[in-house]
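Lettered A, B, C and D in written order, each chain numbered from 1.
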């Protein structure tokens, strides 16, 4: 993943016209978890109408406690597929093991590897042998070098479509859920040809910090942002406290568009109509 | 320093027309250390011409090793005063003890309390009894709450002119000198009425990361940025590796102006002529 | 894993007379990686003769870089089995995925889940459905509560034979490879009925710190220690810098025996003869 | 402070027969704060009777909030002097600034520099020009190298009687108040000729973790331990939750004596009678 011998940046295509790593800053939105057909369809429409370019939503959820909601599994994937078809948005969703990766690849444009699995090398090799793009999230105490080395596990198996994601690291300060390390963005851009996006939702864990930190991520040069938005955050089964309300998400995209323009990048206007 | 019972923001005036905490985003530039009359005058002119609004430069330097350059002391303060008079820029410089604070207050518009002294309560009380504005830098492992409580030591003595400064905290990742915690900016704005600026020079320790992270700080809502710039960074006695070259500083101010405008704030154009 | 409703401690049996969680402090020794038949047999004899009670050694190695030595795999497991048969020492070795766990269970008395996989929940569930004891290492930025919740993934599937392992966490100080958090030992003993051992080899990464920190772990109440020892540390394929020389390992067991006795626990004398 | 050119260890004398850095492991006990004559006299007797060799107690208290109890100041010093005279115990107490250091030196055998002032270089230079021994506590995010460099500020001014103190650093885990980094002990012993003690009271913040972690500190090679004990912890004005009950302190000294003996060091039996 290092730049040596490779000057040009990797650009990962999620769907026709939706690329990560070029001039466009990609906004990926959606709920933490798929909870029901109504919920994910509603979320997808909110994302689409506000100008989001891809839909996120978890069907397999890695939760610290075995007694927390673990996601809808295969049924959740089917609902994501439905929401993708209806809105035309490509799907980004997490896989936690080899079997799940195969299932995810059937419906998703991008397989997410979560922070907890960043050094699950068996899983990295598995998705490295696939052709679906992979979004690799930084581990909670992973150095930037660790992140790049984990990406190399995927690249070394032949899958060059890797997007990195800064999502905050563990810190001593309980003021936020994690410490969003935005300096990782220019550091990765210097060291690697891979694109990097930021996840200010997990990176802060605080709804009212998501908009300013998403703006900051774009200003720092992020190739995209991953944002949690839920039709009804107060009823979310997971991560409700960091999910934006629908109108906040629309406001966010507008603010990001202005910041992107200020640094010579762009976020296209929302497309009207469905796929 | 908490918002309770105080809705309006504190606005700190450094000089006529130079305020921290209002709509304007203040750019404070200068070298890590005052090294000579020629160096500080040159630096001051670079800052002024590029649109910087205040001059930073250390006369008293807290260095981890007693054998590192410790600053020019009182002579350095005199040179700062000269540079301030010539350019009309207000001076921001650090004090390390009660005696130094008195000396600094004679020439500076703002007394800087460094990260290592953030919990030097005797010093905080001393500057709290003065009327000169104080810039309080976050300690290397201070929580945001610790920072606010330290500010309260100053406020409680009667000095309400306090500017907070995020300058990066210690982390496990050697990729950067510190981890710049930009989320501190919206968190402080929510909890406190005090303004907060960011120091991406110490926050990253890497020259080519200063511009993107300064942009990110402004996008996150910072009330100003503190930037190290040196006429000849390669010959600097301290912090050369994180000091901008003069042309980079001018580029920085331009980029920050665009980002500030994108979020409804402003950085005024550079004034021509001297004070 | 919490104590609620369960007063007595879990005692995990690795072999007849080798239990973790009772009065005896278990010393588990061996190389980082299995490298050859000669190497692992030699290491096993060193461990046995010094009074070690179980043999560790990696066949599947999770390495940050895909280009580092990845272990001998199944062949390494076969060599471990040979070394175990010859010395009578039960085997502790790591599994990185479901397939590997099945293979490990055929030869090992205890399946190690490494720090990088502490939140690989699919793997935790897999070993939870097995009956072989599991040693679960704390993740590099896992809180003690995270560690206990990960253990619960195993217990909830029915496998109650779980040993926890403190192996150091990431810190800001490069003076050691990790920061060994020995306070985790009494904290776990208060919160949970599970035994906990310490790994001062990974916890410090520094050979000459292993003996004092192993003593400290025992004094803090650890139910065992996991120690890297290699017949020829200077020729080790991985972790040579933290592996003890054979005579240091023998010295270590003697010192630990004295400390254990001082706090009312014991380490039995070395048994002469082979299995 | 580095070993280069200096093979023998520094041994600091607190009182006739009370040295830090030799074979004896020094137990220093007392309350967080001096609260009243009755309290400090009672605490001193508890320490003396249990076999403690020096009395700690704060008269000047650095507190994160200006509204917390700040200590009794000069009056507290006078009470410490009384307690010292009555029991014959040398006094260890903190100074926060130059003026306080002079006052402390009049009654104390050792001036403590707290973690928050570890890089208050003006204060370090001040106590460096004095002859009273200094105990320098590690800062909350100070590397071991930072600690040694801060010690050098004292040594460079001429005061060679410096004792280092590991008291825990900031970490991501809220399970304990700080993370006690006992590996600092053998690292300091390797790098420096200065003695180092441990403070498991601040290092854990949890009363029932103090005894096992004090044992661990001694097993790791600490030259002493600093322990908070209060006649009535539940009524303490500061740090009550980490202060031992009197009988726990007596138990602690006994356990430490056994561990010290196990590693070839010693803690002398309690002396009967007063000074």
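Here, contacts are C-beta pairs under 8 Å (C-beta built on N, C-alpha and C of every residue); 3 or more make two chains touch, one makes a residue touch a chain.
What you are looking at is a predicted structure, and each value in this text was computed from that prediction instead of being measured.
Of all chains, the one whose CA centroid is most distant from that of chain A is D. Centroid to centroid, with C-alpha atoms defining each point, chain B and chain C lie 49 Å apart.
Chain C and chain D, compared by their mean Cα positions, are separated by 35 Å. Multi-chain contact residues of chain B (touching two or more other chains) are listed as 141, 169-172, 174. A complete topology is adopted by the chain contact network, contact being made between every pair of chains. Taken together, the chain C residues at the contact with chain A in this complex read 62-67, 96-98, 100, 116-117, 119-123, 139-141, 146, 149-150, 152-153, 156, 169-170.
Those residues of chain D whose C-beta lies close enough to touch chain C in the complex are 141, 143-145, 169, 171-176, 179-187, 190, 203-204, 206, 208-209, 212-213, 215-221, 255, 258-259, 261-263. Residues of chain B touching chain C in their complex: 141, 170-172, 174.
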